[in-house]
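What follows is a set of structures to go through.
Note that chain A is present in both complexes that follow, paired respectively with chain B and with chain C.
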Partner chain A sequence: MVLEAFAQALGNLTSISIWVWLLLGVIWGLVFGLVPGIGGVTAMAIFLGVALFLEPMQALPVLVALMAVSATGGSITAVLLGIPGDNVNVVTIFDGFPMTKKGEGGRALGAALTASVLGGVGPAFFTLGMVIVVLPFVMALTSMDMVFIILIGLSFVVMMSKGSMIKGLISAGVGLLLATIGLAFSTGEPRFTFGNPYLYDGIHIIVVAMGLFAIPVMVELAMKGGTIAEAGTPIKGMHDVWMGAKDVFHNWKLWLRSSLIGYVFGVMPGVGVTGALFISYGYAKASSKHPELFGTGVVEGVIGPESANNAKESGALLTTLALGVPGSVTGAMMLAALIILGFAPGPSMLTEHLDLSLTLLILLAAANVIAVMICYPLAPRMAGIARIPSRLLVPLVVGMVFVGVYVSQGLIQDVIALLIFSALGVAVRHFGYNAGALILAFILGRLFEDYLMIGLQVGGPLFFLRPISLFLILIIITIFAYGPLKRVLKRRFLT
Partner chain B sequence: MIVKNMPGGGTLVAGNFVYSSEPDGLTIIHTNFGATFISPVIFEDPAVEFDILKVNYIGSMLAPPNVMAIGSANDYMNLEDLKKAKGLKFAAVQPAAMGTIAAALVSEFFGFEDTKIISGYAGSSAQHLALGRGETDAFVTPASSYNIALSKGFVKSPPVMVFGTERSPYFPDVPLFSELLDLTPEQQALVDITNVLSYADMIEAGPPGIPEDRLKFMREKFLEINALPAFQRITKNIWPVWVEPKTAEEIEAIQKMTASVAPEEVAKLKELTEKYISIIK
Partner chain C sequence: MGAWLVGFALFIYLLGFLIAVPLYTLFYMKQRGSRWLGAFVTAVLFTAIIYIVFEVALGVILYKGVLFA
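Right after this comes the complex of A and B.
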């Protein structure tokens, strides 16, 4: 049956029209990904209205392409401008942008693009083989276990805290506090909303990401003057880009493990894929010979999150198709599209419509390849952005950020909130606090609370006494104990 | 035509925006009837800035009934099994949701023992997963969500009961909640509120003050569009059973009922619901 479905899938792919629609989707996804604040979710939402009037094999290639490549577009701005295209690109900034400042923007881009395509292609091909393992794993997890999965993500605040641990923890505390704004799901109580329905759903993540990362970078650039790349640093062309690509192959273990992290998080519905990016970054740092250099512009700091970023979409697509439960926000859009187009995501997608599922997974991989084929030749020119004078770049980028934030929900309140968070972002940067820890805690804090409340309701105060939960608690203890234990053992064996 | 997605406040941002917009007939909201124009009003959400009796309704469509369904990961097959069970868990989104209130009424009126309503699932997908995993045992949800859960294999067929004032043509053999019990007048009053809350139609409405001729035109065209076979074919992807759309007059009658719901009865309903939500107790 599988072979037959595979043969049918290959037959589907002989249609030229599918590839034309896929190419359109890739270009659209890259462009939307490049504009800060818009991203793949907005692109998919806009396209859904058009999808109603198309045949499934016209609409689905576009949607798969948008799902696959919008993160790639966003990583370009993250590397070159220090501005996340979407919240999933935040982590790439930590080392990608410093690389650009050092004149290594081309190398960072080469690494980001290569890690993206390999992260997107590899998992897509083993996804179907993993169904036997993955689906029972997803069904075995409960809300009680999710509490500890989120906590694993939150524990990476420790990894994010370069320099002052206290400031890192304070930043995370502020993030947790901001995450409480809005209606509490479990009790329906409004918190810090001041009767304003805009705040009922909490602060929009795009506002936080742009306010903490995009605007402060531009403010700093405006005050410093000059260009992003430090004066005197050469910007090499294609040679730099290929060097970045080779870096990914040299660090193939990092790529593989980060892709796995991204894939596993993508498969797990409701866990928030951004956590995977922070974890893969934290893993890259922990496994590096020079963790102290992370944050100053090391290529491993780009490879880790970029591999995870694209790998997560394969996992998310699998759970969307096979369980009808989206593993990411883009997965949720895909779910809506499948329903609109007359498909019923669920077990039938792995039986009756297995050929379609295979087709979509192959197209997901292909979209990643096409995106990178478009971006590679342009990468050296794009790296030249680092030489544009700030008096030209800053107004353009700031304008795009504000427009992008407004367009994401069509609410002027988002623009006002962006101003407030920009001030916060500038303060965080100026006083040496940790924007990465803040946003990580903001994203995961709400999820942690929601799952904790459900866990307590379902299992009582001892809800964690489950094999999976206890195993996850062990991982958390290991994360915290690893560093100190390593130091103690080192001292004991060296003395 | 500009379609603007306006999230926020559980549709209240959009509701308030349209209510205060220019009454020229060019700004219309398309939203969930209950979520925007019923539930926040009954529960006196302070963010509501509109008067539901002054809104100009155009029409509503796609009205799946709310149903109660049993999860696939347990051994309960019907209402009799549920009555004998102890410690049932209902999956719910939040305390003021129709599904939560209906679950509380069912538990109270049928005398389910030690029932808990697990509040806080982030939407229907999360509820479906909880049922499929066995984390919860049952839920009350719009039938469109039930169908999706059924296609995933997370719930059993058929549903246990339907909520509303009349049987659904999609579940002709599934009894109404009110048919399964001899309700006292006090219980009936609470069920009446639940029936009002159960409207899950997609409604079109505009601000007060739209010129009569424009309003009449829109209402007529709404019904004409709903009668088009092509339109019905597309909407059947979302909800497979075509139900006649509600006219503006029918919606206005429902809203008169909404406005006349007594705060004391709502307070009783809230108290009853909170009895079963362990996170609030």
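Right after this comes the complex of A and C.
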């Protein structure tokens, strides 16, 4: 069956139209990645509005491209202008920008791009292999077990929130609360609908996505004003791009381990990318022969984070497809898209739709390659895009968002809902709460209740007394006990 | 900025997208320092692109606003 699916997946790829859409997605993703302040998540959120009107084989290649490329476009501005395209590129600046200032910009860029493409492609193929390993496990899962998979996802989301765990918990809690709005799945009783039929289906995912991720970013931009990239350092020395590429091959062990770090972070549901970046940078520094030079412009400081941030997307796609639990916020967008397009994320993606999942994984790798092929020659010119003034960018993006939200359902109430959620999104950002946790909990919350109801109906109140479920419960306990346990053990052994 | 968003939404509700979008773009850019010509061209161009992508290519009717319904 797996071989059949592989064959079918390859067959899917012979359609030219898929590649055209993939290319469109790559360009869209690169441009959004380049412009500081907007990145893969915003690009995907905006595209969700259009995705509704497209065939799956048109929309999905674009979304996969956006996921893949979200980390690549921003590396250009990070290295050449010292400005992150998105928060995934922040760490690249530490050594990438100093290299440009030293005149080694080409080399840094070559290293960043090569690390990105290898980091994106290698793990993608690894994932193809992983699918086969994971398949028997996934097929053994039943709805009753899915309840706990979702709980694991929620636990990760909360545990791994950067900053205060309390705020992460509250954000997730708000997401869950919002998920309850609507008609209850099994009984049809209206919850929090205030008698308004608009709310019977619950809050529209696109409204949440745009309100939490697209608009607040624009609000911040509007308040900062001016051009994001000031007239930066003139870019010289692009001819040593090849040297940078060779650097990555030379440091292949670093690349391998950074990719692995990124991949694992991607697979873990709910975990953000920042952890992966700092850990891979820290590892690069620790394993280097000249750690004290880090920060002054060392190529390894670029290779580490850039491999990690692309590898992460492959891992996230695997988790999102296989378990129906998002591996990252971009994964959450992908999940929303799959739901909108009529797919039920979860085990069915690896059984009934295995060929589609395999196609998507291959497309992810391909998107990385295409992106880098575009970037190599055009990078300096592309950096110019980052200089787009905010007074131009803000109305364009805001306009796109509002139109996108409206066309997704054709309901003007969505526009009002968008205002409300934008206010929420701005508040979340301003007070340091976790928008990613909120939207992940929102999506997971609705899935959770569905599976719980099915589980109870099929298995009765003791439905969790099954080996797989108990194993999953154990994992959840471990996740929560890990922190406190570490502290207790430390105290025991140090006193 | 909140005022801009609420105002934009209000204009969409009253006059529909094809009027609200160019107006919002034009006035926002002007208020932030653009010149009339640049803002005007951007507003018109942007609206045209939205019209073509959504109404022509995808066949969706953009909201016309209560004043026109």
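Basically, the second predicted complex is superposed on the first by the 269 of 495 C-alpha atoms of A that agree within 3 Å, B and C clash if a C-alpha of one lies under 4 Å from a C-alpha of the other, contacts with A are read in each partner's own complex, and residues count from 1 in each chain.
What we mean here is this: a residue touches a chain if its C-beta (ideal position, glycine included) is under 8 Å from a C-beta of that chain, and two chains touch if they have at least 3 such contacts.
Predicted model, so just to flag it, every value in this text is computed and none were measured.
Chemist: Which holds for A:399: it touches chain B only (first), chain C only (second), both, or neither?
Modeler: After superposition on chain A, A:399 lies in contact with chain C alone.
Chemist: Once the structures are superposed on A, label A:339 by its partner contacts, choosing first (chain B), second (chain C), both or neither.
Modeler: A:339 contacts chain B only, not chain C.
Chemist: Quick one: is A:410 in contact with chain B, with chain C, with both, or with neither? Answer first, second, both or neither.
Modeler: both
Chemist: Name the chain, either chain B or chain C, that contacts more residues of chain A.
Modeler: When the residues of chain A touched by each partner are counted, B comes out ahead.
Chemist: Have a look at where A:215 lands relative to chain B and chain C in the superposition and call it first, second, both or neither.
Modeler: second
Chemist: For A:50, select first, second, both or neither according to whether it touches chain B, chain C, the two together, or no partner.
Modeler: After superposing on A, A:50 lies in contact with chain C but is clear of chain B.
Chemist: Who does A:422 touch here: chain B (first), chain C (second), both, or neither?
Modeler: In the superposition, A:422 touches chain C alone.
Chemist: With the two complexes superposed on chain A, say which partner A:323 touches: chain B (first), chain C (second), both, or neither.
Modeler: A:323 sits against chain B, while chain C stays out of touch.
Chemist: In the superposed arrangement, what residues of chain A touch both chain B and chain C?
Modeler: Residues 410, which sit in both footprints.
Chemist: Going by the contact rule set out above, which residues of chain B touch chain A in the complex?
Modeler: My answer: residues 3-10, 12-13, 16, 46-47, 89, 93-96, 116, 118-122, 125-126, 128-130, 132-133, 135-136, 148, 151-153, 234, 237-238, 277-280.
Chemist: Spell out the residues on chain C that touch chain A in their complex, using ranges where they run on.
Modeler: By the definition above, chain C touches chain A via 1-2, 4-6, 8-9, 12-13, 17, 21, 24-25, 28-29, 32-34, 42, 46, 50, 53-54, 58-63.
Chemist: Within their complex, state which residues of chain A touch chain C.
Modeler: 50, 53, 215, 219, 222-223, 225, 390-392, 394-396, 398-400, 402-403, 406-407, 410, 412, 415-416, 418-419, 422-423, 426
Chemist: Which residues, counting only chain A, touch chain B once they are in their complex?
Modeler: Touch residues, chain A against chain B: 45, 49, 52, 139-143, 183, 185-188, 195-198, 200-201, 269-270, 323-326, 332, 335, 339-342, 344-348, 409-411, 413, 450, 453-454, 456-458.
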